[in-house]
Amino acid sequence: MQVLVLYHSRSGNTKLLAQAVAEGARQVEGVDVLVRSTEDITIDEFKESHAVIAGSPVYYGGPAAEIKKVFDNFIKVRKHMEGKVGAAFATSAHHTGGKETTMIAILQAMLIYGMIVLGDPLEVGGHYGVACAGTPDEHTQEAARKLGARVAATAKKLLG
Amino acid sequence: MQVLVLYHSRSGNTKLLAQAVAEGARQVEGVDVLVRSTEDITIDEFKESHAVIAGSPVYYGGPAAEIKKVFDNFIKVRKHMEGKVGAAFATSAHHTGGKETTMIAILQAMLIYGMIVLGDPLEVGGHYGVACAGTPDEHTQEAARKLGARVAATAKKLLG
Amino acid sequence: MQVLVLYHSRSGNTKLLAQAVAEGARQVEGVDVLVRSTEDITIDEFKESHAVIAGSPVYYGGPAAEIKKVFDNFIKVRKHMEGKVGAAFATSAHHTGGKETTMIAILQAMLIYGMIVLGDPLEVGGHYGVACAGTPDEHTQEAARKLGARVAATAKKLLG
Amino acid sequence: MQVLVLYHSRSGNTKLLAQAVAEGARQVEGVDVLVRSTEDITIDEFKESHAVIAGSPVYYGGPAAEIKKVFDNFIKVRKHMEGKVGAAFATSAHHTGGKETTMIAILQAMLIYGMIVLGDPLEVGGHYGVACAGTPDEHTQEAARKLGARVAATAKKLLG
């Protein structure tokens, strides 16, 4: 059972959040976690993952082009992703937004890949995923860990 | 294991699609299917369902107010819906659209309820769910049956 | 030149924001401002407005059913709204979101009405419109006044 | 008064639609039209345009990474785009969708740039912009011409 945490990060904030998501996923027994930036990810690593949690900084209300490029380019393995589990996270420079539409855009791509997606119920920290403005504080990192664990547990139940 | 097919229909098109979704869900062994219009649904029926597949005609790019009202009003049972399975379908009067944003709006409400949602991979008939313009033809009804079966099977695996 | 500020409010937060938007619109010379709740608005008031700024509390990631019902029900005057100006605002109970997707849903309805829509550039206070969690503070109210003024000035230029 | 038609095209379908949009914009007196692919556009051409109509093929429910990259990279001239006019168009390989969410993603980026955006009222051909599956037929091209003309006329009124 392999969970991929995929991210793009320029300032380091999204990378930090990716690491917290990965920590959470690792807490689920029998789950291997792969943390990959958009530069490093290979199509085979993507294809062999049972769950993908993808995070991006918010650029103009959507994911960074680098994140979009991964989904655009990996079209050949779409059939392999059907029924797998997906989720999203995002960081923004300002409080003013774009985080929701960025996470929804990631979930939309996953739905079209045929994936089953989940968000972040209110008591954990967000809505469509885990998000924050600026550097993720401990509260946000805890929400990220919970998201990672929730995705890993869901993948195990569905595909284990 | 109870699957709720919730719909609002004025012309009868969305009701027809709801019935096809229900047929598909019934094909999965051990699954009870409830078909309810927005006028008939009770909060207990909603709360006791393990999956909800909600459909709406497209009004101005979003679900009918009647569908939204159900999600708005059933806020008290939100905790009960966490981890349950959701999906969407839509019908529009014209080819020109609003179906995608209507289904995404339904999925967003479900994600905030804490539900795990799925769409409709390309080969079945749509993207974010099953949708058509006008009266659903046999092809669309078949896609709706597949969506119903896919949701029921997913709910069984996750919650059975 | 008539600008309509349309809102639904249960707690009073969205009403407060509506009043700030209205104040801003009134600052533009030659502009009459109508402030109406979803209970009070008539189809003639809607139809005769040159701009509509609509605000809603966030319920499950979208506008309240009451706001949606106005757009759904006023379909008969759609032709009259083409080329008019629209904008959105939103309030949420928690910080965790739904504000963006709520404002986008309102803008989508306006686009389908054929309206020309505008958001809120970063330096003013938001993105897709003006939004806040809880009671709008002075900073948010100032952003709301600027949005009102910007919409009124745009309507005057386009339709005056 | 300069209108930019920006597109990315692999198969040629989006380019064809871009040319129809440009034709329509050229019909408005006093308007210069620039047609640029995502490879050719310069930041100065973007900055000096009074309106931008951007089109993309649909990849996984959103604009191609190449289109997103232009908006991501041109962040330095954001202040120059405030109050300018924007619109979107899209082409997809299949009928099954993603066109709406692709156009909304483009409009969201424009709103964050502070632009005033418009869609395509029902009688012209679409909703959030002009879109088609496969090669644009004459009906779609006519809708594209009308969108181009409508954007150019709006820019002239607002900024002329």
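In order of appearance the chains are A, B, C and D, and numbering begins at 1 in each one.
Criterion: a contact is a pair of C-beta atoms (placed from the backbone, for glycine too) under 8 Å apart; a residue touches a chain by one contact, two chains touch by 3 or more.
Predicted model only: the values in this text are computed from it and were never measured.
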Common touching chains of chain D and chain A: B, C
Given chain B and chain D, the chains that contact each of them: A, C
Chain at maximum distance from chain A, centres defined as averaged CA atoms: C
CA centroid of chain A to CA centroid of chain C, Å: 33
Intercentroid distance (Cα basis), chain C paired with chain B, Å: 30
Distance from the mean Cα position of chain B to that of chain A, given in whole angstrom: 25
Chain A: positions in contact with at least two other chains: 61, 98, 101, 104, 108, 111-113, 122, 127-128
Of chain B, residues touching chain A in the complex: 78, 82, 104, 107-108, 111-119, 121-122, 127-128, 154, 157-158
Chain B partner contacts - residues on chain C that touch it in the complex: 59-66, 68-69, 71-72, 75, 98, 101, 105, 108-109, 111-113
Contact footprint of chain D on chain B as seen in their complex: 61, 94, 96-101, 104, 122, 125-128, 131
